[in-house]
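Take a look at these structures.
Next come two complexes built around chain A: one with chain B, the other with chain C.
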Partner chain A sequence: MSDETKPGLEFAGHEFARASLDACVKCTICETQCPVAAVTPLFSGPKFVGPQAERYRNGDSVDHSLDYCSSCGTCTLVCPQGVQIAELNSQARAVMKADHMPLRDRLIGQTTLMGTMMTPVAPIARAALHNKPIRTIMEKVVGVHRDAPMPPPQGQTFASWWAKRPKPATAATRGTLVFFHGCAGGYFEVETSKKSVEVLEHLGYEVIVPKQGCCGLAQQSNGLFEQASASVLKLCDDLRAAGKDLTIISSSGSCTGMLKHEAHEIMGVDDERLKDVGTRIRDIMEFLLDLHEAGELPTDFATIEMTVPYHAPCQLKSQGMGMPAVEVLGLIPGLTVVESGAVCCGIAGTYGLKKEKYEIAQAVGKPLFEMVKKTNPNLALCDTETCRWQIEQSSGVKTEHPIWMVHRAYGLS
Partner chain B sequence: MRKLAVDVVVIGGGSTGAGVVRDVAMRGYSTVLLERADLGQGTTGRFHGLLHSGGRYVVSDPLSATECAQENAILSRIQSEAIETTGGYFVTGPDDDPAFADKFLEGAKATGVPAREISVAEALRNEPRLNPRILRAIEVQDGSVDGWQLVWGAANSAKAYGAEILTYHSVTKIDTADGKVTAVHCTDLKNGEDVVIECGFVLNCAGPWAGQIAAMAGAHPVDVIPGRGIMVAMNHRLVNRVVNRCIYPADGDILVPVHTVSIIGTTDVKVDDPDNLAIEPKEVQQMLDAGEVLIPGFRQSRALHAWAGARPLIKDNRVAAADTRHMSRGMAVIDHTTRDGLDGMLTIGGGKLTTYRLMAEHIVDAMCEKLGEKRSCRTADEAIPGSESGKNYLVTHRLEDREHDRLDDQIICECELMSRKMFTDALATQPKGTFDDLRRQLRLGMGPCQGGFCSMRATGIALESDHIDIERATGLLRLFLKNRWIGLWPILYGDQVRQTALDNWIFQGTLDVEHLPQPESEVAL
Partner chain C sequence: MSRVIVIGAGLSGLVAANRLAGKGVDVTLLTKGIGGLQLGQGSIDVLGYAPDRVTNPVLTLSAIASARPAHPYAAIGAEAVHTGIEYLKALLGDLLVGDAEANYQLPTAVGAIRPTCLVQPSMVAGNVTDGARFAIVGLRRLKDFHPKLVAENLSRTPLPDGGRLDARPVMVDVPARDGEVDSSGLTYARAFDDPAFRDRFAAALKPQLNEGETVGLPAVLGLKDRGAWKDLSEKLGHPVFEIPLPPPSVPGMRLNEALTALAKAAGVRVVNGTRAVSARVEDGVVKGVTMATAGAPREFTGEAFVLATGGFESGALAMDSYGSVTETLFGLPLQGLDDGPLVHGDYWSAEQPLFSVGVRVGKDMRVLDAAGAAVHPNLFAAGGIIGGSSRWAEKSGDGIALGSAVRAADSIVEELA
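For the complex of A and B:
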């Protein structure tokens, strides 16, 4: 085990997720809800890999098949006894991979790096990512499946748009918010970030966008705990620098989850900076719903006559806030939002990109892809980036963040 | 009636008897072992699972300490499959006398028990749940041992040397003629058949029941004073090394990681009847308090099961008869020739699991001397079947095994990762066995659900195997659940209550276990 992975792994070896296994009564509810176990026998299921197998681990993870867990977190969400099943699995995986972390898993955790490299050469990158021979080589050399969805390279980053755009003409009336765009929202999902700040400004807020790094989620889900812990704390410093006690808003659902609970519960990051940021951050749809419930959200929405499928991503559900997008979009006249009812789209961050997991991820998402196509062949809505890419790639239906719809209904686009 | 004739009858299927029958067989005698229940069902299967380093006795009982250290090394080698070389710590608790550790280190040196003081920081690094307020820590070579595998290993080795192992054979009478033992009568409890075994010698290894056996041969009363000890198993390994309090031996001062659980124990109370061992609520509380000293938060951890065992201590005039804790843990061979004028029988008492092989060597040496024969003991030199590789057991083994066969076989007991094949193989070798007999070899139903999910699966598979009919299947299931309950109710608090409630709904509500087809009388064996 290299020194760089040690502290997080020591935590993984013996901290409170392990103690929570005492609460397991073997009811098997987690296994009935696990989207991966439902489509492949290769994964033994969350109860097996989590509270059961953990009793056999003594600093060693001999059950390599636990890597088939996609870390979607559904098991922890549905457990009626409070067992931290997904956390146990993620910790055991980190211990297991510590000695032989594949190059691919190191690479795909480097989301910032990917963005910085692709943005200046966006047209070339876009072409390369759609080029079969290149993707075949990529699959063979790096282990990223040739048909897996890839981030859409953009010609301009959010930060550069933000710096160059004309400032709002009217003064803010509602106070100041900090915007956290995340790596994907900075490099690939630039439009979502733009629309998010435009909606917030439309509502009368002053928006601050501090220089910001990566939350480390992709590293964490690939078992690189030490690097991920450093990334998340660095990000906390970035966001705290924008101002004390300000509410932080994000339209990057999974990165929000990392800050709210995953960094602490999975890697044991126990730091005042994380607690501060984790309690101040709000998902943008959650924030809009809070405003609405306080009677502070203008509902002068234009009518949008449309039926649109909506999929709530796993990492949004894990935040324990229900489905705020469904409630907010319900305020738009004419708009019918159909909740997918699907557990998971299959991608689970970087899981569905890996060549050995690609087929599984496709099988997991199949019911969702079918539902989306049937509900509206032209548009679907989903809160997190990689899930949108997965749905769009596999169903052929354009998939947007729900904030796009709000943006449109306010007449901003 | 069935008749047999052998050189030596060994009575008692605990560790001592199994060790003795192996030794007798390896020295070339024909032999039969008689056990009234299953192997290792008495004292052997009801203790900590601690393979002593000797550390426990370096101050209080130096001879035992040296014997333990030597036997620990031998057993870890010849029965590697049954033993996990976990290592152990002796730690001085926050309120314990730190000076005892000096006496300990001195004693360890004098008795040849490997021991080394380490920093408290190192101990906490290796065992993070340990009480951070401990004052000193000494590292020793404690291990953990599966008592049932140890006994079955010895028995299988004996069988390979021609011995016959008769379980569920209860001794009813011992014949003597002209001041010499001539035959042992017993009943096969499974079919009621009487068996008479003519023999030249009887080795009484019945542990806490040795007095009852000696009396059958007409010997003067042998004062075996059963010392009752209780143990509580916790849901997972709170420590990965044995942790002992570094104090003069007392109650609840050892925590042992055995397989997937950790076991806290024990108490020591004199009892009259080794067949009637209560698990007193106040003793359970005492164990939980003692656990709290070693591992803060121990009481919040999930307890799975409690049990009681009886130590076979031979009365020693040096201490009061009520103080069983401080009677010699050393072994004693009773010579009935000089004591009772009875030839052809020896009784052994005292000792401990760790020294079972040495006890066997002593009593068989004594027998050879009486028979005027020179046959030397080889039990320390030869690995028993299954342990030839010399690779010690690791807690990760079953998880690794299932990793290999999980796509080809079903898992019947999920907590203890017992596959269907493991169960059907064991059933084939013991078609008349109860589920508890199979449990002792497979750990069926010994995990968190305590049989809630696996016992009905096992019942269905057993019925399908054609070894039993539907009535016996129900009877076996109910017997198994009844026996699990004995160890469950004394620790019903916290997480295990929810499990028990769920299990109860499954059995009463879904399966209606009270009204399944069942035999006219309850199945007892």
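For the complex of A and C:
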């Protein structure tokens, strides 16, 4: 099939990722760490569908098992040679699906739309998402598994809380930050967004929250590169409108990764606006750790006597900054944070929602769910939204963003 | 911010980080991906050939140390290798056995016999002896292991001590998982973690074994369950041993996973994902190393730095098209560049001098210049980045990594105290 029938897929990033192919020495390290290949023979593994199959691709794919790749990015993370395995696979999948993109994959990428539709009717939406017959119909018609975790509809969006709340009591003495909440943080994980700005304000920052759209990550991971590229650049415009040179803080770990490197490395978006935002954005726990290392983080934390499991999401790990949450939470007296050591929770954004992949995603996350239940049956911590929903749904353990713990330790909740 | 920054997560980086953390030092380990340890056989080579087959590695390395002043063992010394061996054995509990004074002689996946110093208990029964009777068992769906090749080569090879053994091939077909005809060694290892799979496997194999045979299997007998091989041996009623495969190497993964987990448990902060791309040096002192983190580069500052980045294979050394070789992070002075051409065209003859290129170190593992002075007072080296030997030919890489890692760690601890 010629590229003319696949608009938007002739991206510079492909050439860049493809160039990394030659660095592959076939060492199999990526194969050994792939969480999907470990639990199903349906996916032949990142090396086989990536650096190996890529040599045989001339537009079309020779291996359709790559649709079973969850795009968790673990292969790229563990590769000692710098081969962009996950990026190559995401690109090849986008090409492969271009002429038969399932309706479901178009729909579940529309995160803003889902939030806008559900918030005004939150109680109904909540009930519907817990209703067996409705979920069964949803599975049959749309292809979203009946037991898959769904975003929790909220009665109030972050934006409406932000507009109505009283001014903060603490005077802003430390300068101004821009807050990026992402779709999930705007519509579903509203509490996480509130707590994030409250912690930042407690520290003495003035927080600006510009009107903002979606980063396009869910579209990107479903292979809708054209739409995703437009979304991410629109978001860059939104965030840039808040002020030049200001640090942007986000409590949405995966969207942060999209802005920092994925939009560029996977879709080849090469735009000054993205470069500007991508170099100014910081994950909130990363930001707190930076403050601590500069000796500027107050550590007058209240004691929290607790042992809590923490899972670092794939898209946070792939940013290559270690695990800032573990270090920041380590400053709270009494708190013992146990890192899960698990590769992936299985959900990988929207992968684990799909009816044909649900069981695989559950098998991928099983060691994590067991570790979580064993470590603390009442609370787990994780930096990204869909991973939290997956862990909570599958382990039955309430799962919060680590900033909740910081908020608590500062006496703000 | 940590007091010590270790760069590289192969054997030397992991051992240095563990040893430092074990002595109460705050350590950050920087790595691009998973280190090379899991690509090896999961045993520890101290010295295998010098150039003849070595039976007592520590004794022979002492001789090398006095005869060849540029060899890494001259700076490291037998004592540090001894310390490293004992340290690693203690750290890993029941995962490694052996003695610095004696090499095992173990069958390889092509039926050759390799000398190695520390081995996993699951390999011990393979130590070749005159008159031994081996059944070499292949798995029909595991393409990396050919029992006929192994058995025939072993049977026709005079053993290092002059004796002979008798080996015959056996093939069994027990699928690791349904619907898969071409399974990796790792997939089999995960299956062998399950006692029910071991039951099925033993039931299929046992009728094919003869009285008095020792069973040689590809090294896939469990990844997480360290007792899987023993359980299988009991189920079969025969001694069993593992023969390491090309990567993915399950015994290599066991070592890597154990050392990484121990480092994390000891409080080592592991930062994975991007390459260390530059270093900041002020007044000759190393102040920080920068990683190419997504979004913005991130500097890691410290008081002492351990360069455990490996050699050409990991990009720690690079040769350009003009044939000039550089150490890619600090631009350190290298030894081994002035003795004529680095690569000769005769593939089968003498060692290629290129593979002996690397940094020079003192007895405390500080990196030295050609005049023997420390390049930076707080920069230490460990493992493959140290020049002066052809590790692959000597089978000395693990011993060099271990000895230099403990020596570097101990020097730093002394320095910081």
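Here is the rule we go by: the second predicted complex is superposed on the first by the 400 of 413 C-alpha atoms of A that agree within 3 Å, B and C clash if a C-alpha of one lies under 4 Å from a C-alpha of the other, contacts with A are read in each partner's own complex, and residues count from 1 in each chain.
Everything that follows uses one rule, which is that a contact is a pair of C-beta atoms (placed from the backbone, for glycine too) under 8 Å apart; a residue touches a chain by one contact, two chains touch by 3 or more.
Fair warning: this is a prediction, and the values are worked out from it, not measured in the lab.
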item	value
First, second, both or neither for A:I208, with chain B first and chain C second	neither
Chain B versus chain C as contact partner of A:A230, first or second or both or neither	neither
Contacts of A:R18 with chain B and chain C, given as first, second, both or neither	first
Which superposed partner A:Q33 touches (first chain B, second chain C, both, neither)	second
Partner chain in contact with A:E293 - chain B first, chain C second, else both or neither	second
Which superposed partner A:M306 touches (first chain B, second chain C, both, neither)	neither
Partner chain(s) touched by A:Q319 [first = chain B, second = chain C, both, neither]	second
Chain B versus chain C as contact partner of A:Q81, first or second or both or neither	both
Partner chain(s) touched by A:P41 [first = chain B, second = chain C, both, neither]	both
Common ground on chain A, meaning residues reached by chain C in one complex and by chain B in the other	25, 27, 41, 81
Residues of chain A defined as touching chain B within the complex	10, 13-14, 18-19, 21-27, 41-42, 44, 47-48, 52-60, 62-65, 81
Of chain B, residues touching chain A in the complex	128-129, 235-237, 240, 260, 301-302, 394-396, 398-400, 402-403, 406-407, 411, 414-415, 417, 447-449, 452-453, 495, 498-499, 502
Touch list for chain C against partner chain A, complex	1, 31-36, 38-39, 177-180, 184, 186, 190, 247-248, 253, 261, 264, 269-275, 291-296, 298, 313-315
Chain C-touching residues of chain A, taken from the complex the two chains share	25, 27-29, 31-33, 38, 41, 45, 77-82, 256-257, 259-261, 278-279, 281-282, 293, 317-322, 327, 339, 341
